[in-house]
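In the two complexes below, subunit A is the common chain; its partner is subunit B in one and subunit C in the other.
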Partner chain A sequence: MAERTPLWAIFVLPTLLIVVAVVVAGLDAVLAAGARNGRSASLRETAVRASRPGREALRHLVQQPRRTRASDVPLTRIGTALLPVAATLAAVVLPLGFRSVSDLPEGIVWFNAMEALAWAAVWLAGWGPNSALSLIGGYRFLAQGLAYELPHMLAITTAALGAESLRVGEVVDAQAGLWFALWMPAAFGIYLLSAMAMAFWGPFDQPAGADLAGGAAAELSGVDRVLFLGGRWLLLVVAASFSVPLFLGGGHGPVLPGWAWTVLKTVVVLVFLIWIRRRIPTLRMDRYLELTWVVLTPLAILQALVVAVVVLNR
Partner chain B sequence: MEVAVFWVLAVLAIVSGAMVFRFDSMARATFSLLTSLLCVGGLVVLLGLDYLGIVIVLMMTIEMAIMAVFMVMYMMNPAGLMPMTMMHNKKGAAVVCGLLFALLAAGILLAPWPGRRGRPPKDPTMDLGMSLMGPQMLTMMTLGMALFATIVATVLLATRRGRYDRLGDDLRARRPDDPVRGGVGR
Partner chain C sequence: MADRADDRDELRLDRLHIPLGPALADWPSGLVLRLTLQGDIVQEATVEQVPTPPSPQPPFWNEPFLHAAAGERIPKGDAARRLCAAHLDSLARFFAVAGWADMAARAGYVRDRALTGDAAAELSSLVRPLIRRAERSRTLRWLTAGLGPLPAEQARRHGVTGPALIADGDAHDRMLVWLDAVGWNAAAVDGVEVLDAAQVVGPRGHVLGAVPGSRALLDVLPGLLGGAEFACARIIVASLDPDLDELTHVSAAGMVHG
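== the complex of A and B ==
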């Protein structure tokens, strides 16, 4: 059972998320530079490469912001600010070890609701600037989001079903013996896929893809851009971290304390997601959408059925 | 604290609800309505029905986002990008709304509300589910699956291209003939 959390955790949570996001972005930048220019010769060069996302962000902050004609400024602002806010709010139910900022009785639904807010945020940010490319980026994300969301929801529900509770703490407790990833492999796989897709990351980065000049983020500049792209990293970190309490046993593990296990497992998942992006090129969405509707959604329903039967017989 | 939150959410819900009819942009109207609905979700949480409140937030966000796309897509003017108004049949609508408001307000004031007996349950979501569904949960689940199957079947029946178009008259074609390539097994 989750313990009570002190009040300062509310302030630590966003800081921690941002630090993790910056580190992960740095790792990604090192890998990207490595792929472009070969392996770095010295430690110094690696450090320079790793600091690139941070320097980029600072550059955008001091740069003169650009504004498109007849843009809907309030909606753009709301959209860009909503993305990191939604990611942080979703993280409220994330347990570090066995403690989360708030172990809501309906934590899993809460997480999903906040992800949906991020959805709306991307559409707003794409619509706001009154520009064709960003508009298409926003539309793409929403249209594809439907196909991601269904298997995603079913996978999350399966974990809740296995624990017979919507409370994240109880889902973690239910995995003291056996991780859910081991006896719900399909749900785990679908969760990882759709977690990437929800953060429009990796092979699913079409809504913000190069073919649309950056898609939903095409016209954003200055603080807006930092918030939006930073929010996307936060979303990726949060979605990846949530797979740990859902499927990988949360803080359960031998020898080490709970929080260390959580961190360790989260790092493994994040490194895997960063690595997979370098391995798989951006997917053509009509192919992936057919896969989600024809294969993944029925598979997720089957997995839920199996888990339901097991739970009923217990 | 709770009273303050109630008033903030209530006022915000009403103001953003009213703004739906003031904005001349499809996107703003949609998201103003979403704001209003999110506040209502917050109010439901405040009533102690956390699950219902969060589900309202989840469902309404997805619903309004999809609605924004469809509204903009199907507006009469190009892509709904021109200034528009949500007001049609102003006089009739005003009369209907006024009457409805009067009716509901009278209902609130005149209904013999019972006094509270006992304490609120520990798990209101569970109790709500039991009083709504009772032992009929399995019926509802089956019904849900039947509804879902109906939706899928309707879409299948409504598509112009059937399996004979895809796989030939004797359904023997090794590869389906689809206008759009790609996807599962192609």
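== the complex of A and C ==
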């Protein structure tokens, strides 16, 4: 398992993440345009629709940045830059096939810690501009953290428990025979929910909700906006990809090489996440909090208990 | 700008005064709500309206109904078409505020198709999946039920006559009334009989009443907003969806007809 990873992987990783994020954003844009203007008439039109996120990003980059009065510029900057950085750092432990940039002995904890950085990022980006709407967006993400984080941590702990290791590589190895998703379905489901929640995406996009004119991102412009919203796509891609080594057997699979399986499974998860967002309106966190604390947390504990008993009797 | 006051849990918290509107995505244009917030809970709300010169133009959504009331021969199909589009327009805002971008986009798309003159069969086939999805969405019910309850009795007291009165309930009920109306109006857009001038009801209520439908909706609004969380407040506003064009027109009529 412990194959050495070449140094250039450090540079390939962010590039790869960005490429996947752009493709996913393009797919999402095609679906959104389909709902707004009907089915596209030609392949050309589809391509134009798919390129929209890219064009938007370019437009923001050349746009005159605007700034609110008495905004806290350094804090806003730290917040917006932190989001893509946190996503990329979290991806360091992601194995492509059976190789990751760094297979840390406590990789799962590392992932969770980097993902918690996103809390700080969104909060700072919302608080910095001195604007009521973005402030509410920042608040909302903290409430969201309270709602999703507890069952989420229990879910990833369950995967670690099943493999008896916090090393992501060993979690993958433990699934050579049977994927964790199959015998820990509750933990897998909870992980998928929290994957959306941590990227404040899909039914969990309230912190950046349209009712707040973009919420935490409401006042961001120019490079800041591209970094923040791009960082959010990166976070979504990373969160979705991490479900593959944790629950879907990583690179294990017949015929195809390991890396191909990883890519294939990641694509399936991402497509599912994009589809689900079109089906469900945004969840209000005051409602979701009830569900997580009364249903999901006990469920996650129960799941961990079952796994623990199985592991002890092995 | 922040002062402090007791909140609902008897803590002394900062109060933030912010205006919402007049220009905000998916917001009734021209409406200004002055909110006093603690955190993101609305403590008080007052309704204002951007001063606009009275317009001789009839409000777009009420047009066929006003013409019919003035004695013109308007085909029932035209009225149904306008009503269908008006409710789809309201629904688009409602879905957008509830965070269902996909459905909001779809409702907007069907609204445009309705206005550009699709036939009943075509329109119904577009509208049906939309209605089915919104009616069956348990999540939407879970998220919007219980917000801004407006019993029929209270609505009548304020002079509300439109869907909000029929709904006799919360934001989710009002949405269901719209969906219902969209369904049967979409099926009726081909109607050629003449609209009966005696009983014209526009998308927001009677078009000839002493108080315009939207005025009554604005009157009930502040009472529904107190204690609502910010997102809920926006859903409540969207579920009533007052049309401020109605107000400017009536004042014009008042001037013209003395």
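Note that the second predicted complex is superposed on the first by the 313 of 314 C-alpha atoms of A that agree within 3 Å, B and C clash if a C-alpha of one lies under 4 Å from a C-alpha of the other, contacts with A are read in each partner's own complex, and residues count from 1 in each chain.
We take it that a contact is a pair of C-beta atoms (placed from the backbone, for glycine too) under 8 Å apart; a residue touches a chain by one contact, two chains touch by 3 or more.
Keep in mind that what you see is a predicted model, and the values were worked out from it rather than measured.
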Following superposition onto subunit A, is the placement of subunit B relative to subunit C best described as a clash or a fit?
fit
Given the superposition on chain A, what is the angle at the CA centre of subunit A with arms to the CA centres of subunit B and subunit C, as a multiple of 10 degrees?
100
Have a look at where A:Arg66 lands relative to subunit B and subunit C in the superposition and call it first, second, both or neither.
neither
Does subunit B (first) or subunit C (second) touch A:Arg55, or do both, or does neither?
neither
Let me test your reading of the model: by the given contact rule, A:Arg278 touches which partner, first (subunit B), second (subunit C), both or neither?
second
Touch check for A:Ile78: first (subunit B), second (subunit C), both, or neither?
first
Check the residue A:Ala213 against both partner chains and state whether it touches subunit B (first), subunit C (second), both, or neither.
second
For A:Leu166, decide between first (touching subunit B), second (touching subunit C), both and neither.
first
Quick check on the superposed pair: does A:Leu117 touch subunit B, subunit C, both, or neither? Answer first, second, both or neither.
first
Touching A:Arg39 in the superposition: subunit B (first), subunit C (second), both, neither?
neither
For the superposed arrangement, tell me the lowest C-alpha distance between subunit B and subunit C in Å.
5
Which residues form the common part of the subunit A surface touched by subunit B and by subunit C?
139, 284, 286-287
Parts of subunit C lying in touch with subunit A, wherever the complex brings them together
16, 18, 24-26, 37, 39-40, 95-103, 105-106, 108-109, 137, 139-140, 142-143, 229-232, 234-235
Under the stated contact criterion, what part of subunit B meets subunit A in this complex?
25, 27-28, 31, 34, 50-51, 54-55, 57-58, 61-62, 64-66, 68-69, 123, 125, 180, 182-184
Contacts from subunit A onto subunit B in the complex sit at residues 72, 74-75, 78, 104-106, 109-110, 112-113, 116-117, 119-120, 123-124, 127, 139, 142-143, 145-146, 149, 166, 284, 286-287, 289-291, 294-295
Given the complex with subunit C, which residues does subunit A contribute to the contact?
31-32, 35-38, 132, 136, 139-140, 203, 205-206, 209-213, 277-284, 286-287
